[in-house]
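Below: one structure, written as structure tokens.
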């Protein structure tokens, strides 16, 4: 749904919300925000507000879902009915089921699931306010919640999207950019190795543009990864200082 | 939905259907009316027509619902599609699920569930014709059906509502009284001890009015309790006399 | 929905599509058409296009469905959304559930289920293009797929309908005949013994007409039975000749 | 689950060899039928049928709605059956199971295909507003032969239904226009024995079941074979004849009850 | 599943005999309440309530739709609660379970029966177009007493809701017309001890639960008993009195937060 | 469930180390594709695609309905996939599972985002009546790579679809207006080996999957990574290049089949 009426980026490369081409929206991460969960995270990313909670590892039920060699990871991505302009019917829909699947698969890559045969690890991702990029925000929040829960991982997974608007490749699409842009590339990586654990693409990109987008998104992931670690350290400091 | 046009009670305290303030609608109870069930009851209460059937105790399925220390009680309250003015979609809805829950909880209080670990006791309550007060009628019928099934109980549970119409506290609301009245207080008790096992309230009552309503409802329960016992005895007599 | 405007059969007993009273629509049967299935069949019968696939016998799941004395047979009849004039919602509906049930029961009669206690045999019947008589076509295709899977049977089951149009009993109703005819009698038999394993009737027939319809349908079944066996032999020949 | 039916089956077959049934009836003898009508105040029509210990309640509700696009001048009918947990320890609440669906569809076809309800007389405004007839069947007590009990209850309920025109401000209430209905009779087969109107113990071990609906002229109006056994051509003939005979008796009984 | 609750119960009852609760509160002491409003940009109104460690978020969305036929001049309200797996290892995604349904229905009745939302002021065109108010309750962290937390969050969210008239080209946005709401207070009973505002550990082993909603005049507006234990008449009186007292405190706290 | 895949995996990896695949293909070699169109009389368009032993049928139905409020001048499209029990012992009837949903959504995006169907030409009366295009995908035989097979079948079915204007009394039938479609190519990764167009045995033990849709200009139009493994940046490049090359071949094959 392109439109020529919306000018998403000006001649100087400044975007509608004042950001530069390779600039992230403001991000705020807190870990250990929920009392009941084994690990949790609250994430604000632009207008997105996302909670993630981790429960487990615990015995997988129903039993026939158990894998004798490793834990299964059940990520459930859910949007609150009031998180979008027109109220969404509560409960899972086709879109949320697909996102739950790709996030579950991405998380299984980094979690040392072999340490917990016959177990399950539940990751609840709740989008309370939504504004473009919720699957990357959800993966990022899930990564922090898993670390907060002490689940052994090879790395803390992180997500960030790049895209194309007004003919230019940019980092981290905002709301209008998502609606009226040319392409969107949500990416999830394991930041230490740079391995790609989540990747989708919609829209229209040349091979070169895609490579630029990939570079931007990887760079964005690396920046968000630092914020994840800071959030986890902050909680650790707080505990150490006995606050 | 109050309306000033309907005069629910006149100056002499006589209600639309000719009843006095503390008078019950006509009630008819029969026990042992179904062949297949382990215990059963047919109850007419004003315009309400209700069947209850008991199956069990038997092994609880699925297995993961079993409680190793006691039986679980599954009351299922259901309204026939044709039991109300505008046809109801068949099957459970939110209202019937809530009523099933509060009746199950009330019954668990009186049944000696510890005698049947890992078991379930199913109580089906079927409202065929509905006219105000079906949850109390359902609890009352369930009590008779449980006794008819020989399920060990500390007491036969019984229900009756009180409410407020035209500014006066009255016993056992009828149809218009329920629609246009000021408050409704459905109550369930264990009649020997007077312990309250089911209680809800909707509407607007002062503290004193509530206490009066509670008195009325308890008195109503006691009257209905006698009818329950008479119905059970009647069946016993019939059997004794070899009819 | 009879109509006098449609003349389904002329004075000489010739039907709308040129068929005689006791003539089948063109039928084409192929066995072993699917790679994954243990046995399969593709059937064209007039405008009907039907696939059948057999999986099993294998351990029945969930376990509580197991019968310790014999295999259970689960036939699933399904119509593709695009198989009918007005798109059908995908997935099972009441009609397809009923047909699944009567076909499952018919198949259980001919399969030697006692040889496979605690097992299940799944038979998927997929109607891709529909034009009257799909349940008989489905039963016929299922019979071939079961034989192709090497499931031990007392006989290869076969189905064919008769009916009444314009006052005359005829074999194998076509589309308009089904819509505007007077009666339809789908029949399934075990052809060696002539035992009736599936029988339904809708419409209006005298006792004598019904007997004629039964004769026609049995004769039709016998003809289709030959085509089934030819299809199975053809595959065997193909294998023998190393094609 | 496995031994009990075998023992029960042996018992029933042995009795049958002596020409007997467990409740003392003859093979072609129907159970006693009791019909009570108009027992549900909230329904437009209702009937409770007892077939021995089997009890079924049918209730009719009517509403005003849109016709189907392909029959703009016709009223609409729908049939639903609930096998509620009241009637049997094996029935569960929730979405209807295969058995409930088959039951509803067989009763529905019995009414629809024979045009028992004169749907063409239920048009209010062509293409816009027609009467909708909801048939709801509740099984209260399950001791076999639900098809016949549900079918008789439905016919009795329809026969006493008043179109609630007043409630919808469409004039005076009037009786639902219906035609003479066909009557369903169900038989089962156990080994080589064919028995009419089975009780639950018989039904549970039956090999095959055949329901035949016949009309007042002795014509056939619907048939449904069930279960995983078979019938021979001759057995089918015999079942039809028994159904014709008993159908007439049931029809008389139904009419007497309806005061016709 | 069986031993842990027994040990927990013994521990809590023993403490209770000494007049103590596991988190140090008095029997009739409410936990600290934190209320944050208007935190969801996409919602017409929202509030997050922390009741100790329990956290609930209520969001209000509004839409334009048709009124119910029996109240053509009235807006429409619906309430849904999701016990999302974020809040507890025992909550599952999918269709709402019995607990979520009871929660939504109790909150809904608290708003509906006391006419907190002035639905008669939400008519746009009689019989044609009215405002629909969707109340959605999300449990974020579950440490007991969801009824009160959800009820307070709903009232706070409603109090800050703006009718989105601009978006629907129906004039300027304006505050949702609401009346002074009743306040819910929940107590539980363990053995003979009655405790206000239970935490999860207490709730899990409770015998009975009673929620009482009271208004500013000290009148009763709703009540809901839960769980498989009983209350005596005297205990009910006592719970009502505690609810009245604490209701007033919560009301003050709510108003202060809403800047009233 | 656990040993078989391990043995299978060892076998496939060992072969791969020798540069071989179990069916003898090269790593970047596509299976033979057979396309048959217009095989379903009742459908407006249809195609059966065989990709080796994998068989998929796509059928297109059209109807007249209302547009979405936010695009009143646009036709509507929906895509559903059924993993029917015909195609695999692991598929079940009933509501679509996660795999079927992902499949339908990936095919849907491939058509929708590249505007293959010219929805703006499917408006009949702005804001009132538009054409609705239903894409239904049936998996008939499952031997791996459903994404590509379903995508090719859908494109072939759309290419031969006739808008049924006559049936709706809207003039003469005419071909569905479509644009040149992108072509999907799927690769999997096992250990460090990347293989194009996996068969089921390969797919079952794969670590990661990448589907890349490319257009006639060599541009990228959609991408979807799946499974719980990862790709390096370089592997992604390589997969894209293979997809570009093979996409051109498949495009030619498709056009030839469609007589273009």
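To keep things simple, chains are lettered A, B, C, D, E and F as they appear, and every chain counts its residues starting from 1.
The rule we apply is simple: a contact is a pair of C-beta atoms (placed from the backbone, for glycine too) under 8 Å apart; a residue touches a chain by one contact, two chains touch by 3 or more.
Just so it is clear, the model here is predicted, and its values are computed rather than measured.
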> Any chains in contact with both chain A and chain F?
Replying inline: none
> From chain A, what is the lowest number of touch steps before chain E is reached?
Replying inline: 1
> Based on CA centres, what chain would you say lies at the far end from chain B?
Replying inline: F
>> Measuring between Cα centroids, what's the chain most distant from chain D?
In response: A
>> From the mean C-alpha coordinate of chain B to that of chain C, what's the distance rounded to whole Å?
In response: 51
> If you average the CA atoms of chain D and of chain F, how far apart do the two points sit, in angstrom?
Replying inline: 48
> In whole angstrom, how far does the Cα centroid of chain B sit from the Cα centroid of chain F?
Replying inline: 58
> Taking each chain's centre as its mean C-alpha position, how far apart are chain C and chain D in Å?
Replying inline: 27
> Graph of touching chains, which shape: line, ring, star, complete, other?
Replying inline: ring
> In what order do you meet the chains if you trace the ring from chain C in the direction of chain D?
Replying inline: C, D, B, E, A, F
>> Quick check on the complex: what are the chain F residues that touch chain A?
In response: 1-2, 71, 98, 101-102, 104-105, 109, 113-114, 210, 215, 218-233, 236-237, 240, 244
>> For the complex, give me every residue of chain A touching chain F.
In response: 1, 67-69, 94-95, 97-98, 100-102, 104-106, 108-109, 185, 190, 194-207, 210-211, 214, 218
>> Please output the residues of chain B touching chain D within their complex, sorted ascending.
In response: 34-37, 47, 49, 51-53, 55-56, 58, 76, 78, 80-87, 90-92, 122, 124, 126, 128-131
> Which chain E residues qualify as touching chain A in the complex?
Replying inline: 39-44, 46, 53, 55, 57, 59-61, 63, 80, 82, 84-89, 93-96, 134, 136, 138, 140-143, 200
